[in-house]
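Each in structure tokens, the structures are laid out below.
Both complexes shown next keep chain A, but they swap its partner, so chain B is in the first and chain C is in the second.
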Partner chain A sequence: MDLKDKLVSSFMAFENNVDVDHPVHDVRTEAMKNFEIKGFPSKKEEAWKYTSLNSLQKIDFSIFPKQDNALDYKDVKKYFIHDIDTYKIVFIDGIFSSNLSETTHDGVDICLMSSALTKPMYKQIIDVYFNKVASKYESLTTLNTAFSREGAYIYIPKNKMPKKPVEIVHFATGNEASLMLQPRNLIIVEENAELQVIERHQSLTSNEVLTNCVTEIFAAKSANIDYYKVQNDVATASLIDNTYINQKSKSFVNVHTFSFGGKLTRNNLNFYQNGEYMDSTMKGVTILGEKQHVDHHTLVHHIEPNCESHQDYKGIYGENSTGVFNGKIIVDKIAQKTNAFQQNNNILISDKATINTKPQLEIFADDVKCSHGCTIGQLDEDAMFYLQSRGIPEKEARALLMYAFANNVLESVRIPELKARINKLIAKKLGVNLGFDL
Partner chain B sequence: MLKINDLHASVEDKEILKGINLEVNAGEVHAIMGPNGSGKSTLASVIAGKEEFEVTKGNVVLDGEDLEDDAPEDRAHKGVFLSFQYPVEIPGVSVTNFMKTAINESRKAKGLDDMPANQMLKLIREKAEMLEIDRKFLSRSLNEGFSGGEKKRNEIFQMAMLEPKLAILDETDSGLDIDALRIVANGVNKLKSKDNAVIVITHYQRLLEYIVPDFVHVLHNGKIVKSGGKELALELEAKGYDWIKQESLV
Partner chain C sequence: MAYTEEELKKELETKEYEYGFYTDIESDTFPKGLNEDIVRAISKKKDEPEWMTEWRLDAFRIWEKMEEPEWANVHYEKPDFQAISYYSAPKAADPNKSLEDVDPDLLEMYRKLGISVDEQKKLQNVAVDIVVDSVSVATTFKKTLAEKGIIFMPISEAIQEHPELVKKYMGTVVPKTDNFYAALNSAVFTDGSFCYIPKGVKCPMELSTYFRINEGGTGQFERTLVVADESSYVSYLEGCTAPSRDENQLHAAVVELIALDDAEIKYSTVQNWFPGNAEGKGGVYNFVTKRGICEKNSKISWTQVETGSAVTWKYPSCILKGNNSVGEFYSIAVTNNFQQADTGTKMIHLGKNTKSTIISKGISAGKSQNSYRGLVQIGSRAENARNFSQCDSLLMGNDCGAHTFPYIEAKNKSAQIEHEATTSKIGEDQIFYCNQRGIDTEKAIALIVNGFSKEVLNKLPMEFAVEAQKLLEISLEGSVG
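And then the complex of A and B:
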């Protein structure tokens, strides 16, 4: 039985466990119908030309994990930004871990999607926001919608700001030979409110894991959101991340994606600008080796006038790794005075590494500033010579230059402890000890 | 200390150095002058070990050791320092952190432990003062957004930190106003001792008023065509390079 058939039949089993009278039941059923028709995307589709899901579909993934997994904090501490205090929403094999989590209802809601989907007090919010920005047609998103049951639910009311950042962490323990996870997150930040989120998916063994995650983010007027995705998973873990962001006037949303690991990672990052005078920023650092594959697909839809978007993705590809950057910008006819900037710079440090980079601009307004640039190069030999001539060995010199290359993406990380952590991950990924903290 | 024997070097099959012979002893200052394209910067790069250049004949010997198989970092560890004509910008790495890395890598190569942090700071402060470098400057990203003068002063600061046996200053005077030139030259003079040597590569005689050479060599078309004392620099300043070119044709 292939993965699609298994998912379709599992859906029936899944439906027996949920409340069929709940309105979300209809949403799930609709979504499943869409997935049944479309199935997994294939390389014949333009958007999936460079990323194949074929081999993943041959794996016999468990769809529902056993329920009895526990982890000791000391064993997984290193995956948290543990030098600062944070709220934590933690899942082990898809099941909420109250032991590792620190949720709150004190002025803000930082808790669970399963509660939000089932408790009557959240019904009104679910009616207004759930599955409202996520695609109803994209097959993997609808697959997630069909199975949506658990994940993070965050609601920040008007003028509020949580006392500390929120970490959303998914652990896979390897209790299943191979496990498919489908977390579903809903994040609502009301007018003039603020939020910082760090999201991480981490497998703890070499068993196969496939995560198909959907996050819906609503940024109301003048809201301010910083979202950090830390992707440094093991070589048997794959992630398809679908993030949908609906922004209103004068809001700021920044998404940083740090991709250092995993087997196959696909980031579908979609911004919809429903208002004026707002800013959407997407930044990424990708450093890959071995046979790792990362595919960044971004979309910014400028729907109204006077807005900005900024994209800056840096990639360093070694060994047999492959990368994709596809940046789509749509500027509607009425979206005059749009400023849309896109930059994707790549360094190939191995003859066998490849990167496919493509800007995709669809501009229907005439008074706009849009720029895009893609570069693919090697490390500057003159710069290498400069560093080596100061006594810095070749390997360390390379690392310093790669760090310098990725640096301006790090400058905008607003949580210093996270920035320090990312710097350490970069140094580790580059395999050097530079004698100072980057 | 340094002995260059019949050195031929090419880049992409184009021969640039065509038989250089030069001997530099400890305690000496040598100036290498010459018109554009004569091979001055290539000579500096070849001594420092830039891989882009292929040595096709001859060799560079430092303290009796042929440097042929040494990577640039190995040469640096043996005491060769090149002050670059165009120093490279490294965003995100501060001058201080860069120096820490350079010093500790050199120490590691010599089997020494890292320099203790307080000792490092003291050394950095001392050398920065000598070159009249503001402390704020040290926390800026290496060479990023530096003026031409700041870049050159930073090169000499690095030289002061690394205390090389053989320093090669490649067009260190270009882009410097007269005050910066004086500061840089004073720095070099303070670092001079009977145990080290300096090769000054320059177009103009101006720098040599401050860093007085013991020997002046004129490089033309990949060869040293004339050598003399410091008065040769004055003669070149007065007469230009044309007479050298004429002479060398004969």
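And then the complex of A and C:
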């Protein structure tokens, strides 16, 4: 039985465990219908031209973990940004772990999707926001919608700011031979409120894991959101991460994606700008080796005038790795005075590595400034010589230049401890110890 | 008149090929529709050898199994391939006639379009192989070229006279299976040009063909094959004009360029097919497959100025197979009113030290849509490949769109690729500056557009550059608002 059939038939089993009379369930049923028709995307589809899901579909993933698993904090401490205090929403094999988490209802709601979807007090918010920005047609998003039950739920009311950043961490214990997870997150930041989120998916063994995650983010007027995605999973973990962001006037949303690990990673990052004078920033550093595959798919839809968007993705590809960047900017007819910038720079350090990039512009307004730049190249030989002639060994010199290459993405990380952590990850990935942090 | 025409149309639709050809005063046209018999009839009409007929039939069978591509960013009513007549030859045409024998009416028509054959011949040192509705009617300078061993003739003649060359090269760059329109063209092409430059010969003049669509309801399926043998050089010009037509006309050409070791081919196009009227009615569908292959140390350079056609679907490409080969693409695409253009290039780097340059300038006005779609591919064995791409779009008015779809695929670590794209509009201060100095707005825009496209215009041969500059101005007329 292939994965699609398995998922379709599991839906009935899933229905036994949720409240089928709740209005959300109509949304799920509708989404399931769409997935049943569309199935998994194939390489024939333009959006999936460079990423194949065929091999994943052959794996017999369990859709529901059989038992509750527990983890000790000391065993997984290293996966948290433990040097600062954070709110934590932790899931083990898709199930909430109250033991590892630290949630709150003190002025802000940082809690669980399962309670938001079932408790009457949240019904009004769910009615307004749930599945309102996520695509109702993209097959993997609808698959997630159909099985949406658990994930992080964050609600920041007007003029509030949580005391500390929020960490959303998903662990896969490997108690199942192969596991498919479908977390669903909903984040609402009201007018003039602020939020910082760090998200991470971590597999603890080398058993196969496939995560199909959907995050909906609503940034109201003058809201300010920083979202950091740390992707440094083991070589048997695959991630399809779908993020949909709806922005209102004068809001700022920054998304940073750090992709160092995993077998197959697909990031669908979609920004919809419903308002004026706002800024959307997406930045990414990708460093790959082995047979890793990372596909960054971004969309910025400029719907109204006077907005900005900035994209900056850097990639370093070694060994047999494959990188894909597909950035799309749409500027609607009325979205005059839009400034949309896109930059994608890549370095190939191995003969067997591949990079496919497609920076795409679709512009319908005339008074706009839009540009995209894309480069594929190598490290500057002169710079290498300069460093080596001053006694820096080749390997370190190379790493230093790569650091410099990726650095302007790191500059905008606003949590210093996270920045330090990312620096360490980069050093480790490049296989050097420079003895200092940038 | 209208009555008889309608009658005729009806009759034709029901008639089968065996009942004979449609012949009115001016031309000799096949009944509408496409089947194996029509393909055979075209081949027979051209007096083609058996292998050619088989080649066409093979292409036809492939075409039947294919589907019309839909991925391009253009929207149009799909042509009914069974409602097109696949052959039509002007009555006065006879390839063996000299220029003096050409029907004076036809010559007059060229004069109206500003293409004076005599002038071309005498003043501009250009050998012109004019194509009106699929058959060559005048070939000039054949003699001068023949002395150098250069073969420049209609492809139908080349099939007769140089079958070994045609057989060897045709379909090697654009195979029959390549795409829907290429397969269709392979099955039904009626004419086009063949050009062969022997080893070490530098073609002394710019070779040129002017195409026209004349008969209403006939599609033109041109096939051009240019072979530059080792260490040779040729510059080839292709210019297009078409008279106003209400119904959409289909144009599906195939151009194949072959540059052997150390050879250089420069191929320039000015395309000005009927773009449809201001309401977007009528106009030519231009679905063209153009591709060149570069052997060692060779160079192919495509330059195009696209101002016409209601729908353009065109990607002149280079396969950089040989080491140290060079591919270039310079393009200006202007769309106005309801025109749609999806154009660009493919640079396939296979050899070592290959280089490619892409400069694309898109200008959209009115309610038009202009897309750049390009591919730069670096193969895993293409050491030190180098590419530079620049795509600039200029938007005039608020109802048009500019799109870029650049695909970049690199499989070699020594590759160096740069891609840049910008979108902008004509600055008010620029216009103001011109106005202030007594240049009216329309002229000012022409001036700015010319400046914007200068990098590409410079690459055109002199006489073409002047024409192209005028064309840009004409196509943007009335787009100031």
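The definition used in the following text is that the second predicted complex is superposed on the first by the 436 of 438 C-alpha atoms of A that agree within 3 Å, B and C clash if a C-alpha of one lies under 4 Å from a C-alpha of the other, contacts with A are read in each partner's own complex, and residues count from 1 in each chain.
Criterion: contacts are C-beta pairs under 8 Å (C-beta built on N, C-alpha and C of every residue); 3 or more make two chains touch, one makes a residue touch a chain.
Just so it is clear, the structure is predicted and the values come from calculations on it, not from any experiment.
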item	value
Fit or clash between chain C and chain B when superposed on chain A	fit
Partner chain(s) touched by A:Ile376 [first = chain B, second = chain C, both, neither]	second
Cα-centre angle that chain B and chain C span when viewed from chain A, reported as a multiple of 10 degrees	80
Touched partner set for A:Asp351, first chain B, second chain C, both or neither	second
Touched partner set for A:Arg149, first chain B, second chain C, both or neither	neither
Touching partner for A:Leu400 - first (chain B), second (chain C), both, neither	first
Partner chain in contact with A:Asp366 - chain B first, chain C second, else both or neither	second
Residue contacts with chain A in the superposition, chain B compared against chain C	C
Chain B versus chain C - smallest C-alpha distance in the overlay, whole Å	13
Of chain B, residues touching chain A in the complex	45, 48-52, 71-73, 75-77, 80-82, 84, 86-88, 90-93, 97-98, 100-106, 109, 114, 158, 162
Contacting residues of chain A [partner chain C, same complex]	46, 333, 336, 346, 348-378
Residues of chain A touching chain B in the complex	380-383, 385-394, 396-397, 400-401, 403-404, 407-408, 410-411, 434-436, 438
Chain C - residues contacting chain A, complex	71, 378, 380, 393, 395-425
